[in-house]
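Shared between the two complexes below is subunit A, which has subunit B as its partner in the first and subunit C in the second.
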Partner chain A sequence: INHIVHNGGLYKRPFNEAFEETPMLVAVLTYVGYGVLTLFGYLRDFMRQWKIEKCQHATEREEQKDFVPLYQDFENFYNRNLYMRIRDSWNRPICSVPGAKVDMMERVSHDYNWTFTYTGRVIKDIINMGSYNYLGFAQNTGTCQEAAAKVLSQYGAGVCSTRQEIGNLDKHEELEELIARFLGVESAMAYGMGFATNSMNIPALVGKGCLILSDELNHASLVLGARLSGATIRIFKHNNMQSLEKLLKDAIVHGQPRTRRPWKKILILVEGIYSMEGSIVRLPEVIALKKKYKSYLYLDEAHSIGALGPSGRGVVEYFGLNPEDVDIMMGTFTKSFGAAGGYIGGKKELIDYLRTYSHSAVYATSMSPPVVEQIITSMKCIMGEDGTTVGKARVQQLAENTRYFRRRLKEMGFIIYGNEDSPVVPLMLYMPAKIGAFGREMLKRNIGVVVVGFPATPIIESRARFCLSAAHTKEMLDTALKKINEVGDLLQLKYSRHRLVPLLDRPFDETTYEETED
Partner chain B sequence: VQEKEELIEEWQPEPLVPPVPKDHPALNYNIVSGPPTHIITVNGKECINFASFNFLGLLDNEKVKSAAQASLKKYGVGTCGPRGFYGTFDVHLELEERLAKFMRTEEAIIYSYGFATIASAIPAYSKRGDIVFVDEAACFAIQKGLQASRSNIKLFKHNDMADLERLLKEQENEDQKNPRKARVTRRFIVVEGLYMNTGDVCPLPELIKLKYKYKVRIFLEESLSFGVLGEHGRGITEHFGINIDDIDLISANMENSLASIGGFCCGRSFIIDHQRLSGQGYCFSASLPPLLAAAAIEALNIMEDNPDIFRTLHTKCERIHKALQGISGLKVVGESFSPALHLQLEESCGSRENDAKLLKRVVDYCMSNGIALTQARYLEKEEKCLPPPSIRVVVTVEQTEQELDKAASLLKEAAQSILN
Partner chain C sequence: MDIKRVKDYLYWLYYQYLLITCSYVLEPWEQSMFHTITVTIFAMVVYTAYVFVPIHVRLAFQFFSQIFGGQPESTV
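What follows is the complex of A and B.
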C-alpha cells in the first residue's frame, strides 16, 4: 500500500514507509519465551548463590568485600542470564578490511559463552552485512588509501594538542572548507568523534530556559547531549508530525512549566535515517513546522549522508530541499566515508560560535591527519572532483542494491521495517531464541549479520539488521538472499501477512513526555 | 483558538547563537602547516615546539609511523562500526592486552576519543543518588562525566586531604542517621595523577589510607602521568610504589605520551568488564581506527624497550623548572618533574581579559623569536573552578639543552619588556 502524502506539494516523490503490525500469536509466544528465560534465570541465580553451580563471573576483591556493592544484583540479571547465552553474536573479532567480504577470527567457548578462546583459524570471505560501509570506501587499496599513507608519513598519526591551542593543522582547514562545499552551507567544523560531536555541541547551543523536542528513537549521543545541556526535553512520537506540532503549539502558548515565561529557543532534534527502524525522517513536514513556529532544526545525518540523494548529499537532497533551511546539519564520517569523526555545518555565525565555545575545540585533541586525508579524498570522489565518475556510480549502485534487496526480502515473506529507500534493512525476529539462532545459522553459511535485542529495541521487537553497501555485487546479494531464505524457513521467520498498516492510521494519543533536570 | 494563534504569531525566539566579536581571542586559530613535531611551522614561522603534549617525542618516530603504515595497508582507515557490530579488530584486542600487561592489571578497555574515556567511565558506575568526592582542579572531561552521572558531587580543595577527610566525616555522620540508604549509596573519589590545570600530583598514599578507612572507591585519571611518572612510565602508582590493585579504575588518554588518538581504562576485570555494556562512548560509537591502534602498540613497545627516556624527561623538566624561576612578573606553577607547566602572572591587572591580553603579547614575542608557546584555553562560563590565565610550557625529550635555555631566556626578555 503506498502511503499517500497529505500536505500535497511538500513531497516531490512517493514516501513509502511501513511498519507491519506484530502478529498476535508471535507476540504472545515472545512473551512466553521471555517468561521461561526469566524463570530459568532465577533458578540459575539461586543455584549459584547456594554454590550448587559454579560462579563464573568476576567478583569483588577480598579486601573490599565490605564496601558498598558496585553493581546492584538486579541490574545485571538480564546480563547474566539472557545476554550471556547469546553473547557470541556480538563483538565478533575480524582481521581484514571491513569491506564487502571480511575475514573473521574463529572463537569457541567451552563454558557456554563465559569465556572465549581463539582457535587460531580464520574464517575467510564472510559476506559482510553488518558494517556501516554504505559507499564501499572501506578499502585498503586505491586512491584514498594511497593519499592517507602519504599524509601519514608526512604528518604522523597523532596531534597531541587541541584545536584552540596548537593542534589546528592546515589539513583541518582544508577539510572544513570542503565539507561546507559538499553540503551546500556557508561553513563547517569537524570533530574527532561522531558521538562526541553531539554530546559536546548541543550543550554549547542550548541551555536552561530552552526547550528541546526530541524524537522518541533518537540515538544515545543526542539524548546525552540534550541531557547535558540542562534544557527541558520533550519527546514526540517517532516521525509523527501531529505529535510534534502539538508539542510546538503547547510550548509557545503555555511557555515554561512553572513560571509561564516564554521559551528562549526551541530546538528540534531529528535524525536523517534511524538506524534501528530503517525509517527516514519526514523532512519536508518538519521544515514546514519549523518555519511556522520559528524553531531551530538540528539534523543528525549519521547514516544518511552519502547514502541518500542522487549525488550522495544526504536526506536534504533526497527530498529536494534547500540546505539553508536546516539550521544545524550534523553528520559523521564513519559510515559513508570510511573514516572516523563528525562534523557540523551551517551559517558562518553558528560555526564561528562553535569554534569559540564548543567543548571539543577547547579540550579535546583534534583529528588525526591520515583520517582527515581519507575524508578529503573520499568526499572529492563522491563529488566527482577527482575527475572520475566512481563516486556517482557508487551512489547509484547503493540505491539499486537497496531497492533490489528490500523487494526480494518482502517477496519472500519476511517482515521488513522502514522506508523503501533506506539502506538499513531491519528484519524482524521477535522471539529471544531466534536472535541467537539467526546469528549462528547465518555465520555457518558464511554471512555476517547484526542482530539486536533488548535494550536497544523494545522487548518483543528484536530484529536482524542488514546494512547494504555499494561494494556488494549482485552475486553477493543473491547468495545472501538465498541463505536468508533457507534460514528463514528453518527458523520459521516468514511472519508477514502482507497487511501493511499505513502510518497515518496509527492512533495518536494525547500523552506527552517531559524530562527535566533538577 | 484566536488567542493561541496570536500568541504563536507574537513569540520571537532568541537568535540561535549570539554573535562572536571578530577579535575574540579564541576565534582565530593558529594554523600549523606540516606535522606538529619538534620543529613546528605556526602561521608560516618555524619555531621550536614547546606547546604540544608530545612528551616522549613519538609523534615523529619512524618505527611508529611504519607500524601505522602496515596497518593502513592491511585494514584501510576506518572501522565502519561500533565494537559490538564487526568493529572489533585483532589490533584492538592486542592493544588492550598489551596495555593491561604494561600496567600490570587484569584487563583494559579502549575508547576512540580521549575526552570520552573518563566522561563515559564515570557515569557507567556512579548513578543518581551516589556520592562523588572530586578535586577542585579536575579537568573538564571529569566534570562532564560527573554531570552525565547525575550523582551528588562534593568538591574538596585542591590536594587538601584535611578538607577531604572533613567531607568524608560529614558523610559518615549522615550515614549513621540513615543506615539503610547508606548501604546502597556508592561512594567514589575522583582524582588526577598529574593535574592538567595546576601541574602537581595528588597525594596518593594518603588517599589510599582514606579509601580503606571510609570505604570509598578511587578513580584515577592519569592522562598526563601515564608515560611520564614512575621508573618505567607506569604512572603515579609506580611513582609512589603503590599496589595497582588498590586503585579501582585507572583511566588515561593515549594522546599525550603515546602520540596516538583515543584513551583506555584499566583495572580488574570485575570493574572493567562492566564498561563493555554500559560505557556510552564504547557501545554507541565507532571503534578506534586500526592504524592509530597500531601506532599506540608500537609506541608502547618503544616505551618498554627504552625505560631511560623517562629519566631523561625528568632531568629536562627539572632543568627548565629551575631556569624559569625568578622571572619577574611570572610565576611557575607545577612540580619540578611535571612536563606540563603553567606560567601565571604574579600580579593580576584586575580583569581576566587584560591578563589574557598581556600573556598573549608574551606568547607572540616568543613565537616571533622562534619558540612556539600557547595560552591554556578554558571555557570560561562552563568550568566549575576556573584557573587563572596562564601560558602552557611543555617539555619533551626531543628538546636539547640549548633549546631549553633559549626558551627560558626568551621568556625572561619578554617578561622584562612587556610586564615591567
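What follows is the complex of A and C.
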C-alpha cells in the first residue's frame, strides 16, 4: 500500500506493510484443535488430582493444600497440558558461536518432554534462522574478536563496580562518544543489559501525573518500565495513527482523570521494528503528531539499529528524518552488534540527568570491557571508520537477503506478516500441533527455527519467526527456502489466498512487482 | 510402485488429520481414546444418514411435486 501521496507527502519511499487475514476455515480448525487439547488437559488434571497418574509438575506441598491455590489459572493449565507436550522445540542447547551455522546438542525425552537426556551426539552445521544476528557480527574470528581478546588481556573480564562508583572505564567514555556520533545525537549513555535499559530508565523520566501512550504490541521491558514509573498508561492500536491521534486529543482536552489538570508530560513509546510482527513503526506520522500535540517520543530501536537504513543507522535514517526530532533514542547492542547491553541517546541535558538519576546507572554493574570493545569495533566497521567497506557491504547484503527471502516465501504461498524491508519474517502456522511439528521437521532437515505460540502471540496466531542475517549466503537461503517449501507442503502451511506473479528470472536487486489475484 | 504411492498418500492424509485435530501431540493411549471416540461418532453419523436421508428426500420430493405440478385428484 503506497502512502506517498496520501499522508501529506510525509513518506519519501513506499511503505509496504501487510497483515493478511486469517482464513476462516483455518481459524475454526485451530479452535477445534485447542478444544480437543483442553478436554484432554482437563482429563489429565483430573487423573493427576485423583492420583491415577504421577504428578510431575510443580504443586503445593501437602501442608499448603488448604491455602489459596497457586497453579489453577489459565497460564499454568496451558503450561502443564499444552506447552509441555511440544517443549522440545525451545531451550535447545547450542554449543558453538551462533553465526550463520550453529552446532546443537541432541536431546531425547523418554517421558514426553518432562525430562530430557543428552544422547552425546552434536548436530553440526545447522543453518541458523533464529539468532538476532542481523549483520553477522556473532563471530569467533576476525577483527572484532582480536580486539576483544586484546582488551580482555588488558582489562580482565569483570568491572566489579557500578558506573557511579569506580566502574567507569575510559572504554565506556569512548563507547558513548562513538554512539553519539553514530546516531547523530548530542550525547549517549550505555548500560549493561538491554532489558534493564528500558525498565530502569522510563521510571527516571516519567512519574505520577504524566501520561504514557504505548503501542499495543510493545515489548515486556517497555511495559514493565511504564508500570514501574507510576504514570497513567493508555494503549493505542498497533501502528494505528488515528488511534494515537484520538488519544492525544483526549489527553490534551480532558487532562488528568479526576482533577482535570494538564498532564505534566506526555510520552509516546514506540519500537523501531516489532519483533513478533515484523512491522516498522510509521515514524514520519508519529513525529508529525508529536510536534502538533507537544509531546515526547521514546523510540526503542532494539531490532532496527544496524538493520535498517542505507548505512545501518536505524529507522530514523530509513525514513530520512532528523535524529533530533526523536527525544529519546534507545537501542540494544545484542542484535546487530553481536554483544550485549543497551544505550540511550538524546540531548546532553537529558543524558546528564540520566547519569545521576537512572537506577541502572547507580546500582547496576557497568559493561564488561571485552563486550565494550566488541561494540566499538563493530560500530566502527559499520560506520566505515576502520578503513574498509565491510560494514556497508554487510548492511547491503542484509537488505538484499531480506527482500529476496520475503519475496520467495510470498511466492510459495505462505502467509507472511510485516513490512517488506524488515529482516524479521514471521510465517503463520496457526494450529497448535503444527507448532511442534514445524520445529521438529525443520530440525530433521538441519535448519534451526524459532517457533512462537501463546502467550507471546494471540492464541490462534502462532508463528515461526525467521531472523535473516548478513552472514547468510544466497546458497544457504536457497537451501533453507527449499526445505521450508518441503515442510510447507508436508504440513499444508500454504494458506495465502493472494497469488504473486513469480518473476521469470530471479534477479538479486530490488524490483517492483504487481500483486494480482488469479 | 503404485501401491507404495497410494500408501504414502493415505499416510499423508492420516498425518493431516493428526495435525488438524491436534492428536499429533497426544500420548499414544490418549490418541487411541481420541481415535475410538472419533470413529464411533463418525460411524453413528454415517448410519443415521443411511437410514434416514433417502426416506426424507423422497417425502420432500413428493411434497414439492404436489405443490408445483398439483393434479386435481389430490383434494378428493
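Just so we're on the same page, the second predicted complex is superposed on the first by the 474 of 518 C-alpha atoms of A that agree within 3 Å, B and C clash if a C-alpha of one lies under 4 Å from a C-alpha of the other, contacts with A are read in each partner's own complex, and residues count from 1 in each chain.
The criterion applied here is as follows: a contact is a pair of C-beta atoms (placed from the backbone, for glycine too) under 8 Å apart; a residue touches a chain by one contact, two chains touch by 3 or more.
Computed from a predicted structure; not experimentally measured.
Engineer: Clash or fit: how do subunit B and subunit C relate after the overlay on subunit A?
Structural biologist: Subunit B and subunit C fit side by side in the superposed model.
Engineer: Between subunit B (first) and subunit C (second), which does A:Ser496 come into contact with in this model arrangement: first, second, both, or neither?
Structural biologist: neither
Engineer: Tell me which partner A:Ser153 touches in the superposition: subunit B (first), subunit C (second), both or neither.
Structural biologist: first
Engineer: So, does A:Arg85 touch the first partner subunit B, the second partner subunit C, both, or neither?
Structural biologist: second
Engineer: Compare subunit B and subunit C by how many residues of subunit A each one touches, and report the one with more.
Structural biologist: B
Engineer: Identify the partner contact of A:Tyr112: answer first if only subunit B is touched, second if only subunit C is, both if each is, neither if none is.
Structural biologist: Second partner only.
Engineer: Looking at the overlay, what does A:Asp327 touch: subunit B (first), subunit C (second), both, or neither?
Structural biologist: first
Engineer: Applying the document's definition of touch, where does A:Ile94 land relative to subunit B and subunit C: first, second, both, or neither?
Structural biologist: first
Engineer: Least CA distance subunit B-subunit C after superposition, rounded to whole Å?
Structural biologist: 20
Engineer: Would you mind listing the overlap between the subunit B footprint and the subunit C footprint on subunit A?
Structural biologist: none
Engineer: Across the complex, what residues on subunit C touch subunit A?
Structural biologist: For this pair, the touching residues of subunit C are 12, 15-16, 18-27, 30, 34.
Engineer: Across the complex, what residues on subunit A touch subunit B?
Structural biologist: Subunit A residues touching subunit B: 58-61, 63-64, 66-72, 79, 83, 90-99, 102, 105, 128, 130-133, 137-140, 144-145, 148-149, 152-170, 173, 192-196, 199-200, 205, 219-221, 224, 227-228, 249, 252-253, 262-266, 293-296, 327-328, 332-335, 337-340, 349-350, 352-357, 359-365, 367-371, 374, 448, 450.
Engineer: Touching residues of subunit A toward subunit C in the complex: what are they?
Structural biologist: 29, 32-34, 36-37, 40, 43, 82, 85-86, 112, 431-434, 436-437, 490-492
Engineer: Would you tell me which residues of subunit B are touching subunit A in their complex?
Structural biologist: So the residues of subunit B touching subunit A come out as 4, 7-8, 11-14, 16-20, 24, 26-27, 29-37, 40, 42, 49, 51-54, 59-60, 64-65, 68-69, 72-81, 83-90, 92-93, 112-116, 119, 125, 139-141, 144, 147-148, 182-187, 212, 215, 217, 245, 253, 255-256, 258-261, 268-271, 273-274, 276-277, 280-281, 283-286, 288-289, 291-292, 295, 372, 374-379, 382, 392.
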